[in-house]
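Note that the chains are named A, B, C and D in the order they appear, and that numbering of residues resets to 1 at the start of each chain.
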Amino acid sequence: MIDKRVDSLAAAMRPIRDGHTIHVSGFGESGCPTELLHALIEHGARGLTIVYNNAGNGHLGLAALLEAGRVRKMICSYPRSSHSVVFDRLYRAGAIELEVVPQGTLAERIRAAGAGIGPFYCRTSVGTPLADGKECRRFGDHDYVLEHPLRADVALIKAETADRWGNLTFRKAARNFAPIMAMAADHTIAQARRLVELGAIDPEQVVTPGAFVDAVVRVANPISEYEALLAAKRP
Amino acid sequence: MIDKRVDSLAAAMRPIRDGHTIHVSGFGESGCPTELLHALIEHGARGLTIVYNNAGNGHLGLAALLEAGRVRKMICSYPRSSHSVVFDRLYRAGAIELEVVPQGTLAERIRAAGAGIGPFYCRTSVGTPLADGKECRRFGDHDYVLEHPLRADVALIKAETADRWGNLTFRKAARNFAPIMAMAADHTIAQARRLVELGAIDPEQVVTPGAFVDAVVRVANPISEYEALLAAKRP
Amino acid sequence: MSLTRDQMAWRMAQDIADGAYVNLGIGLPELVGNHLPPGREIVLHSENGILGMGPEPAATERDYDLINAGKKPVTLLPGGAYFHHADSFAIVRGGRLDLCVLGAFQVAAIGDLANWSTGAPDAIPAVGGAMDIAVGARRCVVLTEHTTRDGKPKLVERCTYPLTAPGVVRRVYTDLAVVDIDAGGFVVVELAPGIGFEAVAARTGGPIRRGDGCGIIALPG
Amino acid sequence: MSLTRDQMAWRMAQDIADGAYVNLGIGLPELVGNHLPPGREIVLHSENGILGMGPEPAATERDYDLINAGKKPVTLLPGGAYFHHADSFAIVRGGRLDLCVLGAFQVAAIGDLANWSTGAPDAIPAVGGAMDIAVGARRCVVLTEHTTRDGKPKLVERCTYPLTAPGVVRRVYTDLAVVDIDAGGFVVVELAPGIGFEAVAARTGGPIRRGDGCGIIALPG
């Protein structure tokens, strides 16, 4: 029998090792698996490379993982926000490595890894400093840079609904990076607000098929990063 | 106002020109826009290059287009079936050009065009005759061949539900090539069994967003290729 | 008199065609969404996986699973759709985004755009989706003040800041003028009411000329 | 006695682990689906965009929008899903397909597979998804008769037909034996009841040896 449901957040973290590369879904707060990140802090893995669009807000979720000193390198498109205080401090102290990737190229590199293709040529970043050191080549009327697939050992993603085969649906724009990150990791762990019976998700409406998912944990009431930031501001 | 609904099949064909490359959705009968293909015959365009997984069955749909002598070249993965009599005859007579592409590479080349990326490296076909003449290159432990995006002037696809913005859903495995072909054409025409009010398709369940679709035509009761083949066999 | 930020956004919005698929950059370009001409259906794209973005919701209706690229709560219009990030940038690079409206630090007379980094040694580099969108959109225009806060030209001969993309900008909407970019450099096609061509040229750092039939920006009553 | 096609499919099916994601090639491999061991949940993938394929439907329930890669009507199990062709081959190449079971014209002692073309000058070339699946699946096995209809070996030293993929096949299930492929060539690990190693070797065209602990295929009562 296939049963990808895992009883606890702690149990879900067991495959993670020091030095792993980890995809983390989300765009700002939307779609970020905050509870999985907190479980990762408890788990204790160090020297991680984190692939995430941003670099964390306030002092919870990814910011808390950064603050705990577990992250060696961030790969992201926009590691700056009015609340990215922890990353700012680490970066300015030279305590963390940063690879900035254009957002669409980041998404496409992740998807290429998930689709099992090799490097691909992309026009984005040609003629900019982000193309420095990359192979540049002309096809037809355009110049392209060669971009490499970005695969992870583990993906931590946030879903709305899951079943025991690992089929997933998402909520509104919280979908963002989750489906492609789920494809592009050796071991994909999803937190889901609801676990439903097999067959309860319409097969036409499955966004991420279970083949891409290894473990599912229920988090019925995920933390709202926005609410937490508001609360932190209150006197 | 955005209204991509077109009144007639004939009107939908107007943007098609002689010599166009045309994506046609479907896998066998499933998802093949037979009525759009029949309208294309009526329209009269010649010298077409058709991208389709197979090469037509019996004497309707794509087979009828081939039989009418409108196709210069087929690009497909599997141009052979027990009923592909028209293509067989044309091919053996040297009356049609054929480019055979592995099915996954075909899908990925179409998607690359749709995603606006350039050529990509793929392991499939390395060491086989289908890699002959292609650039081969090693990355890490594997050899890859360079594959090029496959874009079309027009895509003809079959959908289940459409709205006036061109949002589409599909039915079961009839989805197959339609969503990626819709992405990869300058002008995408969809036949849909049902046209619904704007907002009637749940935004989470849109498979092809309207941005990829230019025209929608209602075909409430599409021809069943299977039934037609059966009928042709009856005495 | 130079235009207000809302007047700049309004002027830009008048040029968006009915039925256009449009991405509005973070900051000043976001204001364009408040001034879309009535009677036109314009589909706003957000790179985090939305087509058909609607206006900001009431405070009680905010949903942080439905935010724009600037991380602000938005709404979804009937006909809108959600999709993942790779599909979202497929729309951008795949030729299905008719227009992007971006902010800028500098725009060069040859269409180069610099809008992601001032190159300051202590700045944390952050690019977001700007490079993908600038290269991918069928038409790329800029909405920005004509000069920096300390009066330096933003329209320049060559960008001194790191580029976002070379040769992409077709038109710039500023508080002083509407400026096209062609093979000869900047061309003023409309002036803000009360602003003379010479005043614009004096605040511009690259080759600029007055376009044939250059008019006055007609602001709403 | 050589195995029937159903016995061959049955034997292969016994090696599929509970929870495996599996693609069954067109033809003989399709029969494996009829012999999946009870008590194991095995998810069948079809390259036209299906995970969780179930058995053939009753004649009255056939739906030609739900067909397998061989274009035959199938059903969908609870937990199944539909997706488009690019996503389908992402499963294949992206490392999420545990096993593929393919037919073959020839399998070489170094694991090369030839199963799409006999190279005949009048044949219409047609490859389908075989190349992608042979390269992409984590484990690739072949299910085929040991020899051609006219008695020529299908297990050969080097393939003479055009390759599907080099060096991918790990095991071959035939009507005579179960044959692994390792650095030394073919290794017989099980023999059909009543079939001797010498008889298998005589019908094999490449280096072959008897594996340690080579047993007899245990067929169901």
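As a working rule, a residue touches a chain if its C-beta (ideal position, glycine included) is under 8 Å from a C-beta of that chain, and two chains touch if they have at least 3 such contacts.
As the structure is a computational prediction, the values presented were derived from the model and not from experiment.
Shared contact partners of chain B and chain C comprise A. Between chain A and chain B the centroid-to-centroid distance comes to 34 Å (mean Cα coordinates, whole Å).
With each centre defined as the average position of its C-alpha atoms, the distance from chain A to chain C rounds to 29 Å. Our note on geometry: chain C versus chain D, Cα centroid distance of 56 Å, whole angstroms. Within chain A, contacts with two or more other chains are made by residues 108, 111, 115-117, 122-123, 170-172, 203-204. Shown for chain C are the residues in touch with two or more other chains, namely 76, 82-83, 86, 89, 92-93, 136.
You'll find the chains touch as A-B, A-C, A-D, B-C, B-D. Interface residues of chain A, counted against chain B in their complex, comprise 108, 112, 115-123, 139, 142, 144, 148, 169-172, 203-205.
Interface residues of chain C, counted against chain B in their complex, comprise 18-19, 21, 41, 43, 45, 51-52, 76, 78-83, 86-87, 89-97, 136. Here chain B touches chain D in the complex through residues 27-31, 77-81, 87-88, 91-92, 98, 100-108, 110-111, 122-130, 170-180, 207, 224-226, going by the rule given at the top. Across the interface of their complex, chain A is touched by residues 46-50, 63-67, 71, 76, 82-86, 88-89, 92-93, 117, 122, 124-133, 135-136, 162-166 of chain C.
By the touch criterion stated above, chain A contacts chain D in their complex at residues 1-2, 111, 113-117, 163-165, 167, 183-184, 186, 198-199, 203-204, 206, 209-212.
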